[in-house]
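Report on the following structure.
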Amino acid sequence: MNLLFLIGLPLLTAVAVLLSRNKQQVKWIALAGSIAQLGLAFVLFFIYQQERNSGNAAQMLFEQNYPLFASLNINFHFGVDGISIAMILLTAFVVVAGVLVSWKIEKMTKEFYFLLLLLGMGAYGFFISLDLFILFFFLEISVIPKYLLIGIWGSGKKEYSANKLALMLMGGSALILVGMLGLYFAGGRSFDILTLSKATISAGYQSLLFPLLFVGFGVFTALFPLHTWVPDGHSSAPTAGSMFLAGISMKLGGYGCLRVATYLLPEGAKEFADIIIILSAIAILYGAFATMMQKDLKYINAYSSVSHVGFSLLGIGMLTQTAITGALMQMVSHGLMTALFFAVIGMIYDRTHTRMVGDMGGLMKKLPFISTIFFIVGLCSLGLPGLSGFVAEMTIFMGSWQNTDAFHRIATIAAAMSIVVTAVYILRAIGNTVMGPIKNENYLTLKDAAWNEKLAAILLVAGILAIGIVPGWLNDLLRPAAEEIMNRIAGK
Amino acid sequence: MPNVTAIALIPLLPLAGFLLLGLFGRKYLKNSSGLIGTVLLLASTILALYTAYEYFFVYGNVGGVYQKFVPLQLTWLEFSPGVSIDMGLIIDPISVMMLVVVTFISLMVHIYSLGYLKGEERFPTYFSYLGLFTFSMLGLVLASNIFQIYIFWELVGVSSFLLIGYYYDKPSAVAACKKAFIVTRFADLGFLIGILILSFSGGTLDFSTLIERLTSPESNAFKTAAASTFLGASALTWGAALVFIGGAGKSAMFPLHIWLPDAMEGPTPVSALIHAATMVVAGVYLVARLFPIFSITVPGVLEIIGWVGAISAIIAAIIACTQTDIKRVLAYSTMSQIGYMMFALGVSNYGGEAGLGYTASMFHLFTHAMFKALLFLGAGAVIHYVHSNDMKDMGGLRKLLPITHITFLIACLAIAGVPPFAGFFSKEEILLAAFQNNMAIYYIALITSGITAFYMFRLYFNIFWNKPHHAHGENKSEGGFVMMLPLILLAISAAAAGFIPFGEFVSSDGRLLESHFHLSFSIAPVALAVVGIFTALWLYKKENDKPAKFASSMGGAYKAAYNKFYIDEVYLFITKKVLFNLIGRPAAWFDKNVVDGLMNLIGTITEYISEGIKKIQSGRVQQYAIYFLGGVIFLAALFIYLLK
Amino acid sequence: MNEFFTLMKSELVITAIIFLLLFIKIGKGMKNDSLLSLVQALLLINFIVGFFFNKEGNLFGDMFYTSSLIVFQKNILSLGVYLISLLCSDWLKKTEHLPEFFILMLSALLGMFLMISSGNLLIFYLSLELATIPVAAMANFDLHKKRSSEGAMKMILSSAFSSGILLFGISLIYGITGTLSFAAIPGQLDGSTLQILGFVFLVAAFAFKLSIVPFHLWTADVYEGSPVAVTAFLSVISKGSIAFIFITALYKVFAPMQDVWYMMLVIFAIITMVIGNLFAIRQQNIKRFLAFSSIAQVGFILVGMSSGSNIGITAVVYFILIYTFSNLAAFGVAAVIAEQTGKENIDDYKGLYKTNPFLCWILALALFSLAGIPPTAGFFGKLFLITAGATKASFTFIIIAALNMIISLYYYLRVIRAAFMDKNESPIGKIKLGIAVKLGLIICAAGILLVGLFSWIYDYINSLS
Amino acid sequence: MEPGLYHILFLSTALFFIGVYGFLTRRNLITMLMSIELILNSVNLNFIAFNKYLWPNQMDGLFFSLFIIAIAAAEAAVAIAIIINLYRSHNSIDVENAEDLKY
């Protein structure tokens, strides 16, 4: 199928939103468009499965290649493998949910949805592009929407957060840019990932470029200690904004770390793997402990994101096929989970007008639905079997354990310890908000979720369960791609 | 051959109940929910009994050996070739036995709850939780794969969390369920790492293969595992020990037992189901499941298990003597009894006569489930009647609650180990096993059984005799048929279960193991039990000040026991002071000020510089010209002198 | 003879327009509005004519030389002038000396045309002065504003000074090589000390006009002092033209000295970017702000130039095309606001979005394009400049360039933040946009959005260079 | 003796630097303008000298100097105009009074 639909459809929707007359129209168009995207993603998924089952073993399917800047050998080169498919599905889910939860946005609705859809488009484009230049283009394209979404519709010290986010991400992109150019000239004037993956780049040069690219993408996915945009950015953003940021944008980084840095520069990856492991292990524990101390629900989730994303980086650093598969699973799982988490927080905030854990209590009585969702997402975050988090984390642990030396073992155990700390802060959050006696009489008049919120929540929960209960499909989707990457690392 | 559908249905029916009631109960099935849950469970109980019959009397026993069947095994998640989580059903003596226990007790609790929680606001939720728990427990029992057992292990944990926190608006309940979850979670960390080690050295997650590979001395899996050592212990030992930590956590073994007493915040039937009969024995079951591996580890993990069990048994018994909340007394007695089971495994060996402890442990698990559930349900009836958990609000209830009184008495006799009640036989075997292997543990066990008798009857007398009950006005009956039926059924089984020739069915290696009695041996424990009972009688039959005197004569010891030996406080110190203040707070501070500060610092510095250099732009043409010339000269100098 | 007309057609057209205006002036004159629209039409024609009957060749014994690339560059410039005439029409209508203004501007443009296609130091010098002196006069066009005259004074004095230096350099080069023609000089160069001295003097003049640090100090003052139209002209048109001829000078005339000027360009690029950015951070006046931002942009242009190969030329020309659109869009917005409210401070823009969303989006597009963020064309422009710079593969240089993008983003965001996010109880009122202004802004926006995606433009330029 | 190239170059260079010095130090705008004229004249000297002594067979230098003189006149004209306008607004032609635009 033609992958350009994935870019065209969101673009069309966005334009349609711009042209539409009143708020109602805007919302419905956006919803219809995003649902169409979801459908498209599923179609893609099934066609992809068919192709694979029919024995098409090509690394990338549905490749398309149009020259863009011929003289610089820059091409619109698209194609998907399992990883891209998984990420596209994730994006589609989050986009629909995001559109749904922002149903109540009154301020500049049109612009809001326009930017939201633009953000989604960037993600789609990023995940399907096989040309570093295009990849970078789509990575950067999301800067404007992010900045404006946080700055205009955000809350708290939004300008500060928006600035910080934009600048830190820009810093990341700057490093990526340099690394990219390094690859371009080292790989014989080509940005094409598949070409570069065949190119032979000297180990020394690789270990020069790898840090640039990995750290660059790492900024996007909250690599310790460059994660500080995460808490502020997420907590200041509007609900949908946080969902997109944590659910999609952070995954761009992880994807880049794997697909660009690790895949194209295996020697560099080998050389820096230990540092990656150390950093991510720190991020996992440190993020978890920092979360214990947070009082604002959004900060809790933001810091826990730092911790959770650390798992996917750990998986990458472990450089075993299972671990990398786990890392990718963790990206998908965390994307759905954190999006849901932010959605729920948003719902609670809209009703109680506070995000402070201390001020709430006993929401279960009046908001059974929202509270149940809160329970589910909390349990997912602490890795309960049957929910996506468990599958991903266990895969990472199993994969990490395949490295037999003490260093990797200790790192794994350290990471595993976080499951206890996670339990502590999640239960703390749940216990003080959903459970316990009602502290505030006004809460007795609260209304439970509206249809759009219910729909959004159910959608994401469905995703979480689909991975948590029958993880096989995701595993089969990601494993071959991970294998490909491992082969390159193993030098096969 | 095992009937797959029948077996698969046993856990699936409760699951169906959970989904049904969880999704629609609140709206549509408000009143019928209890009935639905019970009926579904009745069905799976019948299936379980059918399976048990089939297994034990039809196909299970081939050539005098009870076989291990895995009739169903679906790959759920494949990590790497050969290493995958499979969802399977395992059928062997202990799993079948557990099936019966779990379904039967759960059914009793369902029926009982119909009456106990009548008119509750969240009736459907309650029954859906029960369904979830039963499902996960059965899944745990049937797990054919070490990771599968971990999965259901966690699910059991969370459903117990939900049920303990059922009265979610009671702060104490919330605290209790959090504590229970976190403590067990901490233990599960050990379990998880244990799994990682074992599965890595075994190269598989499947129980049968794993055991086979790790126990046959000539397999290279065993060789490598035994060879690769860490801190002086082989990988195998580490794996087994860590797995045991998981088991200890769930089974509330010292020092991970602190969650169990608090867990009594849940509704009493729940305590009966989860914290007496089924979930808390999961640890024992786990050890039994991996018994072959445990039995060959050097240095013996079994010894650790034995001692942990013994210590838990006696400490719990001592604490139980001092508690006044009847449910807490029962909780500690549970802990103590599980201690029995544990050390029974600890003193056992694999195969043949030496495997007596194993059989005894399973036997005690079985009988204990019956009478402990009975005790809890009885206590429930009492609490339901007097609306209090505390002994001082009770007394003289034997007239008002006749049925409860009788059944409770039977249960007490059973747990005290008075023949011919169930407890006697199982405890007898355990003591015998201990006697054969480890005298120290044997004596501890002996003393414990005496104390057990004492505190159980202290409880009994305090509830039913002692001071006359001051009936506060209302004169209602003791809960009606639905609550009495389970009591009676359980009483019967508690009385009769002992006569099952358990050794014929359950033994470490599946072979027959006939248990023979020496009257001479059983004199000591019974005598001690009687002594205990009479002390209790003397102290608590009538209301008097002897107990107080007695307590004060004990002085510090009593106080220590009353405060559960201050173990909670230790934990509190570790979590609050160390984790929160020494790690959490600094981490948060560091992130807020240092890491974030660095980023902001960069910005500030930039602005500072730009402020500093603004003087260049002085606004004077001539100054500009000077810079101009300076530039020219600089370039000229650079290129003429430096680059030549 | 025929060749004379085809090769010099743009110059001739401009001259014709200039004379036409002169006659109108001498004659009874015209109303500003009609005159303005007339001139706009003429400039449009000039721009369109630029695309036809182009030939490569030279006249007057190599003194005048043109190629399709040069024609393309001229087209960019005339497009820029056309856009300025559209965007600043509010201000232009009000000036009482409209014809003179256009005469000056066009003669400056003529000077640039000649400069771009000059093949000889003499012509170069003459056209340079022709391109400079009128602008100084234009800078003073707000006759009654103190700042305007001050700016003009600073400009004329410093440019006179710089041309003095330039001439000294030329005289040295003449002394050594004995020729003034671009074609002949390279053969004579051997990198002797005196040559380098002359070269440095010459480059200093270029640097002054391009406002490369430390020769940039006049820029901000002049920009702030002079009317927006003039500022726009300075920052886009004259910068562009100088950049074009600078490339020719370096790549053709001083080719033998490449290792020298590569080094120099690297130094220039770094300090220019850094200083320009650092100053831009704390500016309040939008014109001054744009002045420093354009200095920083020049730094990026130098990065591209340093490659010393075709890819460099292409990147620079391409970037200047995009830069024309982006910067003029920004200036256009600033111009209408300044003209209708007299407000030129960034803080005055607070809450602008409430009242003028259209202007805000244009502004945002322009600034994001300047900051080099997709989907705007600026992204491609900057990226290709850096790519060109990376051909020499000196990582530190590229990293510094890339990191400077962060600082620049920071201050561009300041403006956007003021316009979109900051609260303001008394924001700038609704602004009426004339047809011309609207047209100009839309053209700019279209350019910003499309030039990047229409990749054939880049390839076309590449084929020329 | 008859002056050689170097004498003239010396003279012109001296003239150049005198001009520069004057430009940098004088406060009066007119004087600054005059010092620029000095610079230009030194350049003229250069051209003529080079032309006479080094490249006598072509006239480039001479023409160049002629053009310089012409341009200088034009430049001066505009400059004076601007200065006059400045005087109108500032009531002074002292460079130090025209420093509003800075930082």
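All chains are identified by letter, namely A, B, C and D, in their written order; residue positions are counted from 1 within each chain.
One rule holds in what follows: a contact is a pair of C-beta atoms (placed from the backbone, for glycine too) under 8 Å apart; a residue touches a chain by one contact, two chains touch by 3 or more.
Small disclaimer: the values here were computed from a predicted structure and weren't measured.
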* Out of A-B and B-C, which chain pair has the most contact pairs? -> A-B
* Please work out the Cα centroid separation of chain A and chain B, and write it as a whole number of Å. => 36
* **Whole-Å gap between the CA centroids of chain B and chain C** => 78
* Asked: Can you give the whole-Å distance between the Cα centres of chain A and chain C?
  -> 42
* **Whole-Å gap between the CA centroids of chain B and chain D** => 98
* To do: Going through chain D residue by residue, note those that touch at least 2 other chains and give them in order.
  => 23, 32, 99-102
* For chain C, write out the residues touching at least two other chains, lowest number first. => 153-154, 157, 161, 165, 220-221, 410
* Structure fact -> Among all residues of chain B, those touching at least two other chains are 603, 614, 617, 619, 621, 625
* Would you mind giving me the full set of chain pairs in touch? => A-B, A-C, B-C, B-D, C-D
* Asked: For the complex, which residues does chain C have touching chain D?
  -> 121-122, 125-126, 129, 133, 136-137, 140, 143-147, 149-154, 156-157, 160-161, 163-165, 167-168, 170-172, 174-175, 178-180, 220-221, 224-225
* **Residue ranges of chain A touching chain C (in the complex, touch as defined)** => 67-72, 74, 133, 136-138, 140-141, 143-144, 147-148, 151-152, 158-159, 162-163, 166-167, 170-171, 174-175, 177-178, 181-182, 184-185, 208
* **Residues of chain B touching chain D in the complex** => 614, 617-622, 625-626, 629
* Structure fact -> Counting only contacts in the complex, chain D reaches chain C at residues 16, 19, 23, 29, 32-33, 36, 39-40, 42-43, 46-47, 50, 54-55, 58, 60-61, 63-64, 67-68, 71, 74-75, 78-79, 81-83, 85-86, 88-90, 98-102
* Mind pulling up the chain D residues that touch chain B in the complex? -> 20, 23-25, 32, 95-96, 99-103
